[in-house]
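Pasting a structure here, questions to come.
Per-chain numbering from 1; labels A, B, C and D assigned in written order.
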Amino acid sequence: MEKMRSIGLALGAVALFAMAAPAMSQGNDLSVGRKMLVEDNPGDLWIDIGKELFYQKRGPKKASLEQCDFGLGAGKLEGAAARMPRYFADTDRVEDLESRLLTCMTRLQGFDRKGLVKQAISRPRSKGSDIEALALYITSRSNGMKVNVTLSHQKEYDMYKAGEYLFYRRSGQTDFGCVQCHGEPDKRIRLQDLINMTSKAGAQEVASTWPAYRGAHYVVRTMQWRLNDCVWQMRLPDLEYGTDYSIALTTFLNHRGNDAVMQVPGFKR
Amino acid sequence: MKNNNWLKWSAYAVAGLIVAGCATYPDQATTKQMAEKMVFEGFTYSAEHKSRLVQDRSQQICSKIGDEKLTQAEAAEVVKLARASIKFPASGKLVGDWKTGDKLAHNGAGDRIRNGKEESRKENGALCQNCHALAPGEINVGNVGPPLTGYGKQRGNSEAIAKYTYEKIYNAWMYFPCSNMPRLGATEHLTPEQITHVVAFLIDPQSPINK
Amino acid sequence: MKQLRRNFLKLSGGAGAMAVAAAAGLLKAGSAWAAPWNKSAFESKAVADVQKSLGAATLIESKEITITAPDIAENGATVPVAVTSKIPNTQSISIIAENNPFPLAASFDIMPGGDSYVSTRIKMGKTSDVRAIVKADGKFYTAAKEVKVTVGGCG
Amino acid sequence: MADPMKIRATLQGDTADVRILMRHPMETGTRKTSSGVVPLHFIQSVVVQHNGKTVLDAQWSQAISQNPFLGVRVKGAKVGDKISVTWTDNKGDKRTDEVAVSAGS
């Protein structure tokens, strides 16, 4: 059987070398446009919007988010996002930035969780959601700092391992796990580059560039959105916002992306 | 009283272990149990769509973590299951219309679910363009899979090639166990008739892919 | 007129006063500082008509114009385009996406003190030449660069 | 209410490199949603001034991307000079923001 596999692989390899230079590599490649876009990122416009939302007294309890602990103490934002997901004793669970926001917006501000979740991912071309702007503002307060997702609590270890398992777990119509698209260098779906998340550099790119401005949607997108859209393309059912499935994958990727320098918003085509 | 103290002590001991940094990675079985729970609690789905989360035997085998290799026995099982899955079209004809196949190859839609509803399409696309180079000079093509440019030119359009190509699309794992290629026929993403059109697109000398 | 406008600004404390002035109806929206919007040029569907509306009877191909844009745009909704003109006395730079329903995307009048460089982002429906028309010393110069547009995503 | 712009103006030699981001829907008038076609709504004019003197007078169509970007350069600038930007859209909405030129790196 091993033999059969290698014959198949050899056949594939022949075809691959026949076309070794894809159309892309000639002339000015995609990096020219990308550089122009990322230098002046409209996503920056949402940082101040998020900041205003953060300090405003909002919700049924008319409270700001200043009492929210993102892991470094209430209201301490400097470098907090770079260390998430992490374990929180008050909820006894590992939370990523977005699920932590849900926790604080419900507990401190009295918002209804269902309502928040429903609006968390905004429509393309809209003004964006509160959570998107808040997540960007809070993450921007880690800009220039290194990603440092530590595993010290047992639940953080558990999340990391579950995330790894899920990264490789194949199911559904397309037989896809994450690794089918994100396991090799220099791959593309159509023209879109796929990050090789099994490499250190790839995981670092993931860990340090979300939230990001999505050019095609004209809004700021978050990691929860990214995962949501991936599983949609994988033909899986609706991924619920802020659930352990997504937190596990984010823990896995961000921990492996440690030491990347945070720079948000990213710019995604 | 004594008992109580002992309980307290052991509780401290456990807490101490964690604080002292003795938390560790869970073993494989525990990881699997936790992660599988996350899958079924992480999605909203109907009874019909639950099947997309449940792994079949081949998918289980093919979900190797990290660099773990497929064993020979596992590869053999995947191939056997794949061979058994293949259904041929009622007509018996394996080569359809390349023009229809061309359209299908460039169609990346179908079967996606949002808010519990499947996107409404007349038919599913064959998704080829997402991952494979197609006609010469086409730019907007992926490279996750090998290029298919000149597929028929290189291999000809004999009956054997038609059958191999049909089977390869229907269930790629019959030839490449656990490859990245979706088992498009076996998962019922494409119908047998649709696959015959894609076969034609790949091997017909008139097809742009062979120009 | 120009002098008058500047004096007015000085007197009323600069740009911040503008909103006040507008609210008071002192300035007609858009007309106080900006040249009138070139309706006929922007509503032209053919490149030749755009050219006519810009007042360019003939165009001179020029290597002194640099268009910076990607060969392939990943997303036609946001295509970065920058134009630099090294032609002396450049007065205006217009950016045209030839295959768009309304080809003229933008027109920049450059005043003394402004540099003959502009950078922006345009929407492109399909693969097209992006053309720059530069007016300098009353003459019109042009250059073009093809930008391939692919449909993003997997839809 | 129009949202504030984000303007960066940094000195490079004697030229200020000015980069402006604006938040605006830039509707083409052809986009359909469940509640019908979204009407044409776009920035028509952008004026850039250097210490109160107009250096760039731009006219735009609806083909400029949503949340527009504009990059320009102003000659003869010094640190602390005022750069102001005003946009006006086809509905008469307008917005002015101003920054001081900062030293380049």
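One rule holds in what follows: contacts are C-beta pairs under 8 Å (C-beta built on N, C-alpha and C of every residue); 3 or more make two chains touch, one makes a residue touch a chain.
Keep in mind the model is a prediction, meaning the values are calculated, not measured.
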Co-neighbours of subunit D and subunit A - touch as defined: C
Farthest-lying chain, centroid of Cα atoms versus that of subunit D: B
Between A-C and B-C, the pair joined by more C-beta contacts: A-C
For subunit B paired with subunit D, centre-to-centre distance based on mean C-alpha positions, whole Å: 47
Chain centre separation (subunit A, subunit C; CA means) in Å: 37
Whole-Å gap separating subunit C and subunit D, where each centre is the average of the chain's CA atoms: 12
Multi-chain contact sites of subunit D, meaning residues that touch two or more partners: 65-66, 69, 71
Overlap residues in subunit C, where contacts from two or more other chains coincide: 72, 77-80, 82, 119, 121, 150, 154
Of all residues in subunit B, the ones touching two or more other chains: 108, 127, 130, 139-140
Which chain pairs touch, all of them: A-B, A-C, A-D, B-C, C-D
Residue numbers on subunit B that touch subunit A, as the complex places them: 18, 21, 23-26, 30-32, 34-35, 38-39, 41-46, 49-50, 52-55, 59, 62-66, 72, 75-76, 79, 108, 111-116, 127, 129-131, 133, 137-144, 146-151, 154, 175-177, 179-183, 187-189
For the subunit D and subunit A complex, residues of the former touching the latter: 3-4, 6, 19, 21-23, 25, 31, 65-67, 69, 71
Residues of subunit C that touch subunit B when the two form their complex: 72, 148, 150-151, 154-155
Subunit C residues within the subunit A interface of the complex: 68-75, 77-80, 82, 119, 121, 150, 152-154
Residue ranges of subunit A in contact with subunit B within the complex: 1-2, 4-5, 8-9, 12-13, 15-16, 18-19, 22-24, 151-154, 156-158, 160-162, 164-166, 168-177, 180-181, 184, 186-191, 194, 198, 231-233, 235-240, 243-246, 248
